[in-house]
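Please go over the structures that come below.
There are two complexes below, and they share subunit A, which is joined by subunit B in the first and by subunit C in the second.
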Partner chain A sequence: MTRRAFADVSVGDALPETTVHITRATLVQYAGASLDRNPIHWDERFAQSVGLPDVIAHGMFTMGAAATTVEDWAGDAGAVVELGTRFTKPVVVSYDEGADVVYGGKVTALDEQTRQATLEVSATCGEDKVLGRCTARVQLA
Partner chain B sequence: MTRRAFADVSVGDALPETTVHITRATLVQYAGASLDRNPIHWDERFAQSVGLPDVIAHGMFTMGAAATTVEDWAGDAGAVVELGTRFTKPVVVSYDEGADVVYGGKVTALDEQTRQATLEVSATCGEDKVLGRCTARVQLA
Partner chain C sequence: MAVNTDFIGRTYPPTAPYAVSRAKIREFAEAVGATDPVHTDVEAARAAGHADVIATPTFAVMIGQQCDAQYVADPEAGVDYSRVVHGEQRFIHHRPMVAGDEITGTLTIDSIRQAGGHSMVTMRSELNTLAGAPVATSLSTIVVRGGE
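So, the complex of A and B:
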């Protein structure tokens, strides 16, 4: 992959929409990778006992997938200068269905001097907005 | 800890009995550490669908705990020259109770020339012998 060129980008450009399918296995795997082994991420009885509808995905996993969306668009993970978000709704991962999070985004600003793009990233699960104010700054070529 | 001295050991000496309590959380943690994320170790519905009574512990976990028993007795993990076993019965880890595996063992032979001890290690869960022919060779000081 090569880094996207500033000259090829316009304000309003859309990022390709991608869907990330999350299963219980994803969360056990991410628990091991992140060392966040909170049982709300793998034990549905525990999750329900603390008032959640079911097991929920790690917020950092959903944020990480947002970063991947930006990186794929930028053509270079090293191009992402900044990425921030708020966790607005948990992603509930059912045993049978798992969960699908749909990522997208658009270019909201371009800085000619620095050749940086500002992106707004969206992440939704069903009707729920999973990430709020998810913005990224990308250094283009 | 210092390595146990050959002069202090006799054939028939017993290793202190230790009980290792295993929970579902233990297995999620071990799945991450070992990268063995087979769902029989964390998904009871899957485990039952393949004919197991419930989630079972990783065999390498129960063997690892046997190694710990030997290391603790030897006073030095580096003293364990050899350890082998067979997995005879799975350790079934229930959601509410988990499982308790009781480890013990005894010295079965001593070699004066090499100052090595041969140990027989036992691992039981309830009535079940979890490990079979579990033997270790330890280099004493």
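So, the complex of A and C:
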């Protein structure tokens, strides 16, 4: 991939919309890789015993997939200099249907001195905004 | 037990070094759907100007959470872990984290605020090389739900 050029970016530019389909297998894989083995993310009996409707995705998985959409837009994973979010709503992952999180976003600011772009990233599951105030700062070429 | 506000500003000693490996970078990248070969292919990473394969932007959470555990597990802190929810997370990357790095984290409790019967604790971990060069800053806010 090639890092996106500052000259090619304008405030208001949209990130391509991408849908990430999450199943139990996605969450087990993330639990293993990240070492976050909390059973609320893979054991529905346990999740329901603590008052959740079903298994929920790791917030850090939802954020990690947001990071992937930002690095794909930037054209270089090393270009993502800052990424932050609030976890506003859980992503409920049913056994039969799984869950779809739709990512998008737009460029909200450009800094000519540093050649950095600030992005606002959106992540929604059904009607729910699952990440709030999710912003990224990207170093452009 | 209430969250102990005496911990505001407290800094913990640096954690034991975390060795960043090619294998863990690959596993983590695959788990978050990252397909840029700079995470998995040393030649592609070098061609992009990196010393070795680089970690995805949220990889540092694994080291940050090792730092945070020191505070959360401290009985004096008054944090009931069964009432903890991850509220906010931010990473500032001073440079990409690369396979071969040995990273140590230094945790500081930046703030403890009360809102709506809950406590919000912001933990900042400075992730540096053993030589002290800054690699990333992790800011993690947990919400400790109030008791009924």
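Just so it is clear, the second predicted complex is superposed on the first by the 141 of 141 C-alpha atoms of A that agree within 3 Å, B and C clash if a C-alpha of one lies under 4 Å from a C-alpha of the other, contacts with A are read in each partner's own complex, and residues count from 1 in each chain.
The definition used in the following text is that a residue touches a chain if its C-beta (ideal position, glycine included) is under 8 Å from a C-beta of that chain, and two chains touch if they have at least 3 such contacts.
Note that this is a predicted model, so its numbers are computed, not measured.
**Student:** Of the two partners subunit B and subunit C, indicate the one touching more residues belonging to subunit A.
**Tutor:** Ranking subunit B and subunit C by residues of subunit A touched puts C first.
**Student:** Going by the contact rule set out at the top, does A:81 touch subunit B (first), subunit C (second), both, or neither?
**Tutor:** Only subunit C is touched by A:81; subunit B is not.
**Student:** I'd like to know which partner A:37 touches here: subunit B for first, subunit C for second, both or neither.
**Tutor:** After superposition on chain A, A:37 lies in contact with subunit B alone.
**Student:** When the two structures are overlaid on chain A, which partner does A:61 contact: first (subunit B), second (subunit C), both, or neither?
**Tutor:** Once the two structures are laid over each other on A, A:61 reaches subunit C alone.
**Student:** Once chain A of both complexes is superposed, is A:71 in touch with subunit B (first), subunit C (second), both, or neither?
**Tutor:** In the superposition, A:71 contacts subunit C only.
**Student:** Look at A:29 in the shared chain and tell me whether it touches subunit B only, subunit C only, both, or neither; answer first, second, both or neither.
**Tutor:** Touch partners of A:29: subunit B and subunit C.
**Student:** Counting only touches as set out at the top, which of subunit B and subunit C does A:20 meet: first, second, both, neither?
**Tutor:** Second partner only.
**Student:** Under the stated touch criterion, which partner chain does A:6 make contact with: subunit B (first), subunit C (second), both, or neither?
**Tutor:** Neither subunit B nor subunit C is touched by A:6.
**Student:** Do subunit B and subunit C land on any of the same subunit A residues, and which?
**Tutor:** Residues common to the subunit A contacts of subunit C and of subunit B are 29, 32-33, 35, listed in rising order.
**Student:** Report the residues of subunit B in contact with subunit A in the complex, numbered from low to high.
**Tutor:** 24-25, 28-29, 31-33, 35, 37, 39, 42-43, 45, 95
**Student:** Where on subunit C is subunit A touching in the complex?
**Tutor:** Per the touch definition, subunit C meets subunit A at residues 24, 27-28, 30-39, 48-50, 54, 56-58, 61-62, 65, 85-93, 96, 139.
**Student:** Given the complex with subunit C, which residues does subunit A contribute to the contact?
**Tutor:** On the subunit A side, the touching residues are 1, 20, 29-30, 32-36, 59-61, 63-65, 67-68, 70-72, 76-78, 80-87.
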